[in-house]
Structures are given as C-alpha cells and as structure tokens.
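Here chain A shows up in two complexes: once beside chain B, once beside chain C.
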Partner chain A sequence: MADPVADTAPAPAPVSPRAARPGPRLSAAVRENIAGWLFVAPVVVILGLFLLLPILMAMWVSLTDWNGQGSPFRSGVPFVGLDNYTRLFTEDGLARQDFMTSVRNNFYYVVIVVPAQTVLALGLAVIVNSRMLKGKTFFRAAFFFPSVTSSVAISVVFLFIFANSGAVTGLLKLFGIDGPQWFSDSRGVLHLLLGGLGLVDPADPPAALTGGGPFGLSWWEWLSGPSVAMCTIIMLVVWTTSGTFMLMFLAALQDIPVTLEEAGMLDGAGRWQRFRHITLPLLKPTLFLVLTLGLIATWQVFDQVYVMSKGNPAKTTLTPAFLSYQTAFGSFEYGSGTAISFVLFAIIVVLALLQRWIMRDRDPARRTRRS
Partner chain B sequence: MKRRDSRSLASTFAGYFVLVFFALVFIYPFVIQVANSFKTEPDAAANALSPIPHPFTTGGYEKVFLNTDLPLWLGNSVLVTILVTAGRVLLCSMAGYALARIRFRGRKALFSAVIGVMAVPPVVLFVPKFLVLNQFGIYDSYTALVLPLIVDAAGVFIMKQFFESVPVSVEEAARIDGAGVWRTFWSVVLPMARPALITLTIISFQGSWNEFAHTLVAVQSPELFTLPRGIADLVSGSLGKGTQYPLKLGAAVLATIPVAVIFVVFQRYFVRGANEGADKG
Partner chain C sequence: MKNRTVRTAVLGAACAVLLSSAACGSGFDDDKAAAPAQQSGGPADLQILIGSSGDAETTAVKDAAAAWAKKSGSTATVTPAQDLAQQLGQAFAGDNPPDVFYVDASRFADYASVGALEPYAGKLSGASDFYPSLRTTFTYDGTFYCAPKDFSTLALVINDDLWAKAGLGEGDVPTTWDQLTAVSEKLKAEGVTPLAIADTRDRVGAFLVQAGGWITSPDGKQATADSPENLKALQYVQSLLKEKLAQFPSQLDAGWGGEAFGKGKAAMTVEGNWIKGALKADFPDVKYSVHELPAGPKGKGTLSFTNCWGISSKSKYKQQAIDFVEAMTTVDQQMAFARAFGVMPSRQSAKDVYTKEFPADGPFVNGADYAQGPVNAAKMDSVLADLDTGIQKLASSDPKALLERVQKNTQAALG
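Entry: the complex of A and B
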C-alpha cells in the first residue's frame, strides 16, 4: 500500500521547473503549496474516506430502515425520518428498553471506573515517585505492562480468573468466603447493598419503585447499580488502564520542583498537607486530562464486553457501544444501530463539554481569590 | 532525630509494602496465564491459582496449533501489523513534517481538522466504517483490514510536535544546497527523527497487533481473522466441548508475547508514547 504514495510524494521535483517560469518568488510559494498538499494527501484522503465519509453515510442510514441488502442509497430503501431515534427515547418497546438498560449499565460502569482508576493511578504515581524508594523502573514497568497488552487476550485471562472454579473463587475460599458465580450473576450491587442494609427486600421491592419510572425502566431497575458480572469487567478495566494514567501523573510529578516540597517541609507541613496544598494543585491540569480521557474511554467499552459477556447475564453488561454493534450486525437493523452510535457520540460530547465547563467555572474563582 | 528516622523507616516500609502488593496484583494474572497454559484441563480447573503446572504439559499449545486456525490468524496478524505500522510511520511523518515545516495554504485549517478527528470516539465509527467498506466493495478483504488503519491522526500529531522541536538551520542548509522538499525530508530530516520514529513505530505496532474491534466490521471470513479476532472466536464457543482453558490461555499467551518482548526492550519509548498522548490534551 505504501508504494503508490512513495511514488507520488517526490512529485514536487518535476513540477518545480514549470512553476519556476513566472519568477523565483512566486515559484517558491507555489512549490511549497504543492509540496505541502502532496505530503498530506495520503492522510487527508484516508481520513476523509474512512472517517468523514462514514459519518456522512451513517447519518443517512440512521434515517432509513436499510437491512444490509444492496446499497443503502438505492431508491427502494425505506426512509423513516427520525424514527430510529425517537424509538430509543419516546416509544415504549424493546428498542427503548434495551437502549436505556445499556445506558444505565454504562453509567454505573463509568461512575465506578473513572474515580477508581484515577485514584489508583495517582496513588501509585506518588509512591513510585517518592525519592526514598528504589526499583522505580521495575514498579513503573509492572504497573504499566497490562495497558499495552491485547484487550482480547487479557479478557480471556480474566474469564479464567473469575471462572467458577477459578483463581478468585479459590482465593476467597482461603478467607472462608463463598464467592459469587461472577459471570452468571445478574444481581445489581446496589440492590444487594440495599438488601444487606435491610432497607429493601430485593426479592420483593416496594411497589412505589417498581410501578413506574422514566424512559420505560422502573425506578427499581434504574437503581440496580452494576451487576456482579459487570463488576468483573470494571475490575479488569481499572487494572488495565491505571498504568497509563499513572505514567501521566508520574511525568507531571517529576516536573514539580523539589524546592517547593522542601519549602513546605521547612514550614512544618506534614506529608498529607504538602500533598494536599502543594502537589495536588500543581497536578490539576493532569488530573483534568486523566478524568476527561477516562470519561471518554469508559463510554466506549466494547472489546471486553464482546469477549467476556456479550451483554449477558440478563442484559446487565450491555453497553451502548455493544448494543449498536449487535443491533446492526446481529439483527441487521443498520438504521437503529447507527442511530445508537450517534446518540452515544452525543453523550460523550455533552459529558466532555460539561466537564470542561465545570472545571472552567472553578478557575476564575480561584484566580480572583489569589489576587 | 531518632524518632524521625524510625518514622521515615516505617513510611519507606509502608511504601514498599504497597508497591509490592500492587506489583503482585498487576503481574500475577500474567503468571496465572502462562502457568495455566501449561496445565492439563483438570489441573487448571482444580488449582487455578497455583503458578506451577502439575503435571507440566504442552498439550494446550499442541491443540491450539493443530486443531484451530491459529497459524493462519498468526500469519494474518503479522501481515496486517507490518503493513499498518509501515504505512502509519511513513504517512504520519510525511503529514507531520508538512504541518510543521512546509508553508502551504490551508495548513492551519488542516491541523485543526486533525485535532478534531482525534476527538471522534472510534467506537462511534464501527457501523459507519462498515457502511463505507461495503459500499466500496472491499468488505471482507485484506484491503478492508489494513487501509482504514494505515493513517492515524494521533501519529500525525506526534510527528508534527517532534519536527517543530528540530532546529530549522539544518534543513535550510540542505535547501540552499539545492535539495528539493522530498530530498530534504527523506535524507536530512527523517534520519534526525529517529527517537520519534521509534516511538511511532512502537505505538503503531502495539495498536495494530492488538486491534480487535475494527476486524469485526471489516471482515467476516475465518480465513481473514487476525489473532485477537480468532481468540475471541475461540472464546465464543467454536471449540465445542469443555472450557479448554489451557488452550485458550495458550493462544492468549501467544498474542501477548510480541508486545511483551517489545515492551521489555523499548520500555522508555512506550513511556514516551503514553506521555505524548498526554500532551495532546
């Protein structure tokens, strides 16, 4: 594939003599223009064909009931307007129920994974960075390694580790605990918690909660928390992503001048105070970056769901990304599938903007206080 | 003074304790993975935690090579990874160089477009990508596996950042000597870009070797499966009877080894790659 590109790229040379005729100054500018565009041409063409064009095509397909037969632009393809979208929000039915279930599942997943991986990454970075400890390189490598391995391979390992006769169950048995049957356990953790506290009986939830609720799911269903099966995916993802974020924190920590820390020490600030009032404020940009990247990535969880659970048990590990794939390639409802993709896109964009807005709102306040 | 010493000793000890504990948590799953791939199926089921196979057997590996299409997946993965990595390194450094150094019209707008493209979540593009591959009639082919992955906006960004950090004087000298843009790029600038090129090569290699989701929307014939796709297929139950964990874990080990080797050899470039990702935010 690289050959035709390599052939076209040196083209500025034959072009230049022709461009040289009007005068040296103009020719240089023209030559730069041509050279520049030839250098970026492959990237522009491929990003255009496989990024921009797909989005435009998908916008059209999401307005149709195309079933995968022939071209979606044939005249026979039924145009349904915004039906594929409204079905996800306003029409009572399986499509909405599945979609809302997937949003609920992913929401709980995000709410646990993002704080957990951020805190773990920051904690590990601080300890690895501490000057008194040796073996920094080894620990850094150990924590980072899971992030670079294949998500599919790692999912297989976790399937094995959490299997009914697997390592985790064996480990819990050492402590006298009977572990759950991880991958077939669809019980919500929040339900279990409420039941454990004796507030609600999960087997017979109060009618006020089961009676109704927004978007076709009852309040009781919304309040499920992640299922036990989803918790295994949560653990896997926190385990794999913390290493990358740890490196980001580590790089930021190494940029903090040692003198600042020493000044804090001289002022008699304790370890926690120094961290809270010196280190943490300086880490704020990195913290914001890690939270944003985490938020964006967690709404896209797919590989692990595909390998470990395919949305089961009882649809409690279904996520919008997987539902979109399943709807398009499993049920051949490409219109619905692309509509779900776009709604997911909107969710990610809105959350990213919201987060930026919240963080920005805080900054001026701090600045005025300081001055 | 003494109290302070014992306190710092205690905190050093606590620090090591936490580090060693987490190092175990992060590394032990790989130990389990390798150990169990050399176990018999009953042994793996009964003693999953044990790092020592009893009895030791290579049966899982024999089965995965002889009874599954793994050799084929391995070949496809190698082919796709080489093509994608070579393509990305060449095309991203060309575009990065142009965006950093060549003054052409529309450069700024194009760079904003690249940044915008990086922000589009890949998951959103699954079904749309299939639509385009299908429309062009290249669905279910090697072209579909390779071509959409051959360019990466983040790679363009990394190379642009790097070229901007190189002093202009060297290029100017080459230009004055009469070298064209391509000559300057190919024989003067690129050789200087070695560290950035190695970083880009490594993250491209790692990304394309591990790529899974794209293969789902690009191909469906088993003879075009790459290793991650093949393993996912094994897990989905194409094996028939039993859980056959030693075999599956063996396949997972084979998928992990190349990245692990590169990781050990080029660790600092991996670290740099991760932090380049941080800079773009």
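Entry: the complex of A and C
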C-alpha cells in the first residue's frame, strides 16, 4: 500500500483496477462495443423484464393446472405437461369444441377482412393520390378518421347502427328488404348461400356433411362461413383499419417517381396497364407489410368481440383471443387459457412465414432482363 | 479478444435481466402468506370489494360500512368493482385479495374448491335463520361457507295495459303451462309479442325446475341434464319460440327482458325483483303487476339468484371480517338494504317485515320456498355457457341433442 504516488497526489480515490490500467489493452473497437452494449442495456433490460420474462412465465403456466390462487411458481402447483395443449386438439370435449369453433370463426374473419381491407385501402390511396382530386386533405382526413377513433367507441356506435330498429335495417327497409336481426343471427352466411342456391337445405343438412369431420366439428359446421353477427364485426373492422393502411399505401405511392409513369405513357400503356405493371410491382414491399400487419391483427381480434358480442350469438363470434381471456379469467383455467394463446401465436407465426414464402421474389432473372 | 468482450457484455446483460427478475420473483415467495398472522382483536383495516348493481347499492353499503367502522373503531374501505369476477381472479392470483367481497352464487363453487374462501358461516349467530335453499347454494362439500347477502327470484311480470287490451282480466293470469300458451295466443292475435324471455339458463332454467328436472343432482356431484323432465321443459319452451309466443330480448331490440317489457314490446316477461328498480328509473309510466311463475307438470318452480359475503382465507383480519358480515346481515341492516336498492332479505325472520313493507313483492318472496339456486359445482362455467349457446339456437335445433351434449360436458367437468 505504500505507493509513492499517494504522497504527492491529494487523497486518491480507490479506483477500480481496470480504469487505473493504461488504455492500450482495450482496442477502440472493443470499447465501442462496450459502449454500444451499455447504451442498449436499458432496452434489453426493459424488454427482458416486461416482454421476454412474462412470456416465459406464461409458458410455464400453460404447462400447469394453476387455479389462480397465489403464485404459479409454488411447489404445490400441479404440473400437467402438454395436457392443456392436447386437450385442444385430441380430446373429444368442450375445450376442443370451443377452441375449434373459435378457430373456424377467426379463419373466416381473416379470409374476408384481410383482402377486403387491403383492396379498400389501396383503392382509397389511389383516389387520394390522384392528381385530379380536389380537396385531397379533406378526403385523406375523412378516410383516416375511423382509424384514430377508439375501437370501443366505434364498436358501440356500430351496435346502434346495426340494432334491429337501427339505421342499416331502416335503410334496407327503404328498398323493401327485411334485414336480419344482426346481433342475434347466428346463421352462417355460407349456409345461407348454399340454401339460397338450393344446393342444400340448411334446416336439414345432408348426412354426409353432418356425420363427421376433423377436430370434433362436423364438416357442415366447418363450412358455415361467418355468421351474420360476425359480418357486422367484419364490416366494422374493414372500415376502421383501411384508413391506416391507406396511409401506408399513400406514402409508397408518393415515392413512385412520376417519370416511370410518364415512360409507361410514352410506351403507349393504358391506365390499367400502368397500374398493373408499374404501380403494383413497386408497391410490393408495402403490400407485404400491409398484408402481414393485417394478418397478425385480424388473428388477434379481441376488443370488438368483447364490446359487441362476447362470443354470442351461439359462439359464432368467439375468437381464440377472446376464448383465451374467457377461459382464464372466467373459468379460472389459466393453463388452458395460456395454452390457447400460445397456439394462436404459433398460428400467426406459421401463417406469416407462409405468406412471406408465397410473396418471395420468384424469378429475379426475368426481372433483370426486362429492366 | 473482441469475441470475449462481446460475450462478457451479453453475459452482463443476461445477469441484469436475471437479477431484476429475481428481485421481482421475491414477490412470489409466498410461503409466509399461506398462514397470515391473525389479528383477532382490535381495530382492523378491512378492504371490501363489491359487485354493485348501481349507485344506490354502493352508497348504501358504504354507509353501512362506515357505521360499522365507527362503532368498532376500525376502518372499512368499500370499492365497487368494474368486473368483479375478473378483479377477484387477479387479486387471488396476485395473493392480495380483499378481506370481504361479494361472491356470486354461480361462481361460489369455483372459489370454494380452490380454497379461496374462509368457511365462517356456521359461526354466525342465527346461521340457521337463512333460507334453506340459500344455505344449500353456499354449501360446498357439506360445509356452509358464507352468509347469503340477499336474494332474488324470478316471477312473471305482466304489462297491465297490454293485458287489458287483449281482453284479459285478472282471472286470466296463467298458473299452468297450458294457460300460459292460451293467453299468449290471445296476446299474439292482438299483434303483441306475448313473452320476452332472456336466452339463458338463468331464465329458461325455471321451466326445467317446473318440469321436475335440473342440470345437476342436488349435491352437485352428478349430471342429470339428459332426463325426460328436462326434455319436456325444453320442448315446451321450443314450442313457444317456434310460434313466436315467446321471443328473446335481442330479437326485440333490447338488452334484457326488462327493457323489452318496459318499451312495451312484450306483454309479459320473466325477470327477478331487480326489474322494479329498472322500470321505476327507465320506464316510470309502465303499469305492471307481478305474479308467481306458472306451474309445470311437477308443480311450481323458479330460480334464485344470490350473492354471499365472502371472506378471504388469506385475510389478516378474519375475526373482524366476520364481525362486519354479522353487522351486514342483521334483519335491520337487510331491511335498510332492501329499501335502498330493492333486494330481498336472506333471513327468514325478516320475511314478515319485508312483506308488510313491500306487499307487491309477495310473488318474489314466495318463490324462496320452491326456488332452485344456480348449479353448485366447480368448473361448470364453460359447460353452462355452452348450454346458453344451445338455448339461443333452441328454436331451430333438437332439444334432445342439446341435453345429451350438456350431459356429456357436465360429466366431464364433474370428473
């Protein structure tokens, strides 16, 4: 400890050995690295604490039969392995029936909402982007407005609009149509369509379809299509989300150089040809983004269901996200509830990957030749 | 060397995450909480969570709690819940439940089966004074757990004006299923929807009781859904629905039977005594009368709904909480609640006082003698929700198939 320097320097603070060492042992790159990690450390910690850790905890809960009393990490909590998952797929019971019904409902919902909102958003963006349109700002704001309003507020407004004595039914009556009782109508539109075409009688479906089917639902139930009640939610969501996606398309459209369009005109391409062969290919990255975001959001639909229908009528607006909530907080079956949400997560990941694979650049060679 | 530092940095970050999670995790170490230190005497700090029906109830309970707190020298904080089931679920999971809370009869078995409730009811003075059907409702595995707060039963509510318009008089009030069909046909001929009935087991279930059936056996251990009695009841309700003699509130553009009734869209409805307050507040001009539900093949039957004062098994102030519940369930206090927000006292000794003060409520009070409480078994929530789904589709589906499904699901849930 008898350091000669200590005598001259005024009260040296006991510094850490590393700082006392001269610099050259740490190269510039390493120091940069450390600094980098230090800068991201807060985010890593926050994400780990509030995102990764809860996910891991939920995964543990999905493997147990925790009943919501005290902590799920006590010794007394029964560990059931993959039971909560297998019950959703292999056991013939209410859990599987509800889950498969919710998957069916959500599937039809996604199949209609995603294409519809994408096409509508693209259409709106093209209209707002057109040079001929007067009062662009007004339309842009008008189209975007539903997206900024709270989904709960809009859902409540839709409840009024689609009430049996509401605006929609009144409007249909003007045309002499006796509209359905929207929120209490559990009939599937595909069933109605098949019945309307005279192919099958919905009141007495063919035995071949009702006899059996995968995962505890008969083929007839799988083929129901969205119920009339679900259709109102579909309309609501298409209307509210297309504004957001319109904004994305609009940004992409404004990035397309006018020169390309003019070059197309010089080559004698018509309006549709220019749209099909110039605009659309250049919009592809945005299209991918919009489709992916749409796919993820639609599989997670919750608030509209919670506000408007709670899964009714006859479970036709039940979705996996709502079922998960209901199972966990309604029936205290937290294990089953979290298992449902993990299956939902897997569905979304698989579908997003599938979509990426479908939309990949298939033929780069031809493209280069063309350009 | 560069790799090593990167590794160190990653390790450091991982450690930070682990440390913070460990710090967080200490909150879960709740072996101590399993046997909380009891303070059996002295002032307590009671947390009370109620599922209030409205401002009137919140104020009444708050006043009563304040009076008790003043007398006992404790503090009592009453919090009305937005969503009682969910808030309780979270509180139990977080190991921080309120000391006293409402427990809905339909959820009672779920809470009792997981050990969340303190079985104190036997210690109350005059425990046998509570109506027997209510005591059964809050009995799990032979133990009477918690004191019924109050109760409601279903009755037939008739719109006097529409009734008279169809040429019906006081003597025409239906007392059997056949009479119900007959008056409904008369009402329908006048262009009025005769009956608004909610599409849930909580209304349609009354017909099951009238036919002599129910979903489970009285001890809640066996599934009895698939029985000829239940089938008869559902077939009868189905016939009403098919002929449009009865309609669900949503078909009449209403959220519940009382709303459809108040708007004059139906001449009769099956609802509980809460309809009085609702009609007074929203439809003060509607003239109505209340009658006992028509009897079925096996006699009279109705459903009862009730809450109990649950005390958490993890409460630090169990003794004071029991004292609080004792104060809340005296005849005087129950009558005060009855005046404030229209519920019926759960003590038999309050029956005479009540019927004297509210003579029009006779049919509701009389229902207590033959009422059936909610299904008293754990894990039945999703099964019963599925039954509701079946009831919603009853007009166009086979009741036998529905009962078979409920039977199968109930057996699976009861294990």
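Rule of thumb we're sticking to: the second predicted complex is superposed on the first by the 315 of 371 C-alpha atoms of A that agree within 3 Å, B and C clash if a C-alpha of one lies under 4 Å from a C-alpha of the other, contacts with A are read in each partner's own complex, and residues count from 1 in each chain.
Criterion: a contact is a pair of C-beta atoms (placed from the backbone, for glycine too) under 8 Å apart; a residue touches a chain by one contact, two chains touch by 3 or more.
None of the values given here were measured: they were computed from a predicted structure.
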item: First (chain B), second (chain C), both or neither touched by A:Lys315; value: second
item: Touched partner set for A:Ile234, first chain B, second chain C, both or neither; value: neither
item: Which of chain B and chain C A:Arg74 touches, first, second, both or neither; value: second
item: First (chain B), second (chain C), both or neither touched by A:Leu49; value: both
item: Partner chain in contact with A:Val110 - chain B first, chain C second, else both or neither; value: neither
item: Which superposed partner A:Met100 touches (first chain B, second chain C, both, neither); value: neither
item: More chain A residues in contact [chain B versus chain C]; value: B
item: Which of chain B and chain C A:Ala141 touches, first, second, both or neither; value: first
item: Which of chain B and chain C A:Met132 touches, first, second, both or neither; value: first
item: Chain B versus chain C as contact partner of A:Asn33, first or second or both or neither; value: both
item: Overlap of the chain B and chain C footprints on chain A, listed as residue numbers; value: 33-34, 37, 44, 49, 53, 68, 71-72, 163, 165, 328-329, 334
item: Chain A residues within the chain B interface of the complex; value: 1-2, 5-6, 9-10, 12-13, 16, 31-37, 39-40, 42-44, 46-47, 49-51, 53-55, 57-58, 61, 68, 71-72, 123-124, 127-128, 130, 132-133, 135, 137-161, 163, 165-167, 170-171, 239, 243-244, 247-248, 251, 271, 286, 289, 292-293, 296, 299-300, 302-303, 306-307, 310, 321, 324-325, 328-329, 334, 337-338, 341-342, 344-345, 348
item: Chain A partner contacts - residues on chain C that touch it in the complex; value: 1-2, 5-6, 9-10, 12-13, 16-17, 20-21, 24-25, 28-31, 33-34, 85-86, 89-90, 92-93, 95, 110, 114-116, 248, 250-253, 379, 381-383, 385-386, 389, 392-393, 396, 409, 412-413
item: Parts of chain B lying in touch with chain A, wherever the complex brings them together; value: 8, 11-12, 15-16, 18-19, 22-23, 25-27, 29-30, 32-33, 36, 44-49, 83, 86-87, 90-92, 94-95, 97-99, 102-107, 110, 114, 117, 120-132, 134-135, 146-148, 150-151, 153, 156, 180-183, 185, 206, 209-210, 212-213, 216-217, 227-229, 231-232, 235-236, 243, 245, 248-249, 251-253, 255-256, 259-260, 263, 267, 270-271, 274-275, 277-278, 281
item: Complex interface listing, chain A residues touching chain C; value: 27, 29-30, 33-34, 37, 41, 44-45, 48-49, 52-53, 67-74, 93-95, 97-98, 163-165, 181, 183-184, 186, 203, 312-315, 326-334
